[in-house]
Amino acid sequence: MGIIVINFKAYKEGSGKKALELAKIVEEISSKVDDYIAIAPNFLDMSEIMKAVDVDVYAQHVDAIEYGSHTGRIVPEMLKDIGLKGSLINHSERRLKLADIDFVIEKFRNLGLTSIVCTNNVATTAAAAALGPDFVAIEPPELIGSGIPVSKADPEIVRNSVEAVKKVNSNVKVLCGAGISKHEDYVTALDLGTEGVLLASGIVKAKDPRFALEELVGLK
Amino acid sequence: MGIIVINFKAYKEGSGKKALELAKIVEEISSKVDDYIAIAPNFLDMSEIMKAVDVDVYAQHVDAIEYGSHTGRIVPEMLKDIGLKGSLINHSERRLKLADIDFVIEKFRNLGLTSIVCTNNVATTAAAAALGPDFVAIEPPELIGSGIPVSKADPEIVRNSVEAVKKVNSNVKVLCGAGISKHEDYVTALDLGTEGVLLASGIVKAKDPRFALEELVGLK
Amino acid sequence: MGIIVINFKAYKEGSGKKALELAKIVEEISSKVDDYIAIAPNFLDMSEIMKAVDVDVYAQHVDAIEYGSHTGRIVPEMLKDIGLKGSLINHSERRLKLADIDFVIEKFRNLGLTSIVCTNNVATTAAAAALGPDFVAIEPPELIGSGIPVSKADPEIVRNSVEAVKKVNSNVKVLCGAGISKHEDYVTALDLGTEGVLLASGIVKAKDPRFALEELVGLK
Amino acid sequence: MGIIVINFKAYKEGSGKKALELAKIVEEISSKVDDYIAIAPNFLDMSEIMKAVDVDVYAQHVDAIEYGSHTGRIVPEMLKDIGLKGSLINHSERRLKLADIDFVIEKFRNLGLTSIVCTNNVATTAAAAALGPDFVAIEPPELIGSGIPVSKADPEIVRNSVEAVKKVNSNVKVLCGAGISKHEDYVTALDLGTEGVLLASGIVKAKDPRFALEELVGLK
């Protein structure tokens, strides 16, 4: 099937012990389905999760800098070093300057890390695609955390994003996000031409995350 | 000939009375040549310059916001209201987030203002072009204020930018900047396929700005 | 009586022609009362207002920089140069880094400009006072634009701010803001030990700004 | 003796395996002296270091937010959760807004975490002290990474900072930093009234970090 990336954000339900539990659930369900399910926990939890769980781990953000005199920053090479698969870049809650998005994508290309650039509309999706990342993830900010799935509420933005990306750089793959939690919304996202979905609260803040994830992938 | 946009920056030599004097010099020389010469003074000097001088005036920056509860910000509509021609957007000294660049370009399109998006390399030039601004101005940051003209030091970045823009959106025009002050560098910029140049210190901080500008346009 | 500073923000009702009209109303009402009434319009409108009206004009913001290669920024010296009285600093809609607040206050002291540092609680009020500005303006962010006057909703924060400032640096004067528009709230603010009020929407977005201001100063 | 906090920054020499090695060196030397030696590695390395080494670990930065929909951010509670001792706050390479410094200090007080607020001059030191953190660390930015020790180059700024803090809030302890790497500079810092030093490159980028640290604490 498709790709599912779960952003743990700075949710209490997605940090510390809960993050590890959630990662284990993802690992378990991953083994039962064909979907590729990856997670993006916070920086502090990554090391332990990666030792305990066989799931691809992404950062939620990375700074557009080289090793050096930077305090409180994370360098792309550090992600590689610790064994991360890649990173979300330019999430709507962590927007980056254009030049910095480009810096990180280019750096990731050289490091063999996977870049997932989040965008807010068709125009910025096309612009991001022009930078040649691995993925663009279109997420209308007004739908993030709304519970209203983008694939149902605004299929045009998804379809047009897929088309715009094809025109600019057909090597770039498209994800979509915002409000997705049900299996049918995930399937619709794939039908609209995306490779998968980026989600957060629908799983992480679900009363029963295991059940929510099983439902998403169609096991329930 | 071509287009010349002079960024007054926050130079002492380009603010207050000096800004007005400089604007008058631009007006005078403008009338003697075919080149389109415009200026981008700071916000405080615009109103007076626009009353005194018949030259197109651009802002150096504008905020990606609507009218409302924002303190210390400038709304795109305010630029229109006061009679500005447009604005520089995303200058290397005032980088914007991708979503904000898109917001301003889209807003300018509706308001009939001219958008000049500054970029730092071929990749970001292509990305900016995908957003459909009027102009992209490629300026390698390491050459800004260096006195080393981009058109001589790095003709490839200019040529490749022009080509990349053509591929992405052929309606977008290209300027280049950084280190330009001599007539031959300006001519080279045009030969490389740009519509003109964006410059600052080469004129504004010149010992004799009138002479420097006359030299640039080939009157000396 | 006291001090009234009216922040025009980026309100449509406080920019362009409306800004000039409002400035004239302030000038007229100023002449009828003992209160000191000043205004803080946006950068683009200042020059014209200052020529047309005899009212002290403040900036809403200023950048913590020296003259130089800064695009889209306003240097403290530029405010002095154009004849401004001073500036709001660190408004809740334009928060600054601690080191930058200090830079601007120190610069203003040397330039003879008046610094009004906005703060959000008693602790930051004390901290700002330690930097030695002319004024600290305590504004609980949750009340800004609410129509609920801080002097009524949270008199303790005002009283404690006044006391905290006295302890740290008794030369610093205190204003308060947020939700104030009625005469009695203004009077209460003075009774709580402040020198006056900072306000915005209560006047600028009032159906009849003249009436609102007359009411504020007790003429109605 | 005193307090030594070693900021690993985003140095290559202070991340990944090198970070762990360095932490072990600190643990070992710590056991031989009376000085309190703590470290501030990057977020990704903390978890492993804390399992392997018995040394107090601080964050280099923390975001001024609550648990919730924030991507790529670290919440104060997460630091507590993972067992950190506290955090540097407002380092010159990661300056914060005044209101955010206050937010973190207040949050740390409730969580029992140790707050070390970095400042750049006597005025900001006094302002930071007014917020009631555990420590203020005065570091003139121009000396950071310079190899010129603040305690020798500018003893007045240290002495005056200590005095200013005493006046504002005598519970706040003072560290100083910038350019320190020699034992005598550390001793001078203590003689000037500080509780210790904050340093980075002098140890982390030393050819032989063990030797450098032994020298700092007077074992060589």
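By written order: A, B, C and D. Residues from 1 in each chain.
In this text, a residue touches a chain if its C-beta (ideal position, glycine included) is under 8 Å from a C-beta of that chain, and two chains touch if they have at least 3 such contacts.
Chains and their UniProt names: A, B, C, D = Triosephosphate isomerase.
Computed from a predicted model, the values in this text were never measured in an experiment.
Seen from the Cα centre of chain D, the chain whose own Cα centre is farthest off is B. Look at where the CA atoms of chain A average out and do the same for chain B: the two points lie 36 Å apart. One simple way to say how far apart two chains are is to compare their mean CA positions; for chain B and chain D this gives 43 Å. We define each chain's centre as the mean of its Cα atoms; on that basis chain A and chain D are separated by 34 Å.
The multi-chain contact residues of chain B, meaning those touching 2 or more other chains, are 92.
In terms of which chains touch, the assembly is arranged as a closed ring, every chain touching its two neighbours and no others. Against chain B, in their complex, chain C makes its touches with residues 7, 9-12, 15-16, 42-48, 59-61, 63, 65, 67-75, 77-79, 81-82, 88, 91-94, 144-145, 200-201. Every residue of chain A that touches chain B in the complex is listed here, in rising order: 90, 92, 95-102, 105-106, 119-121, 123-124, 126-132, 168.
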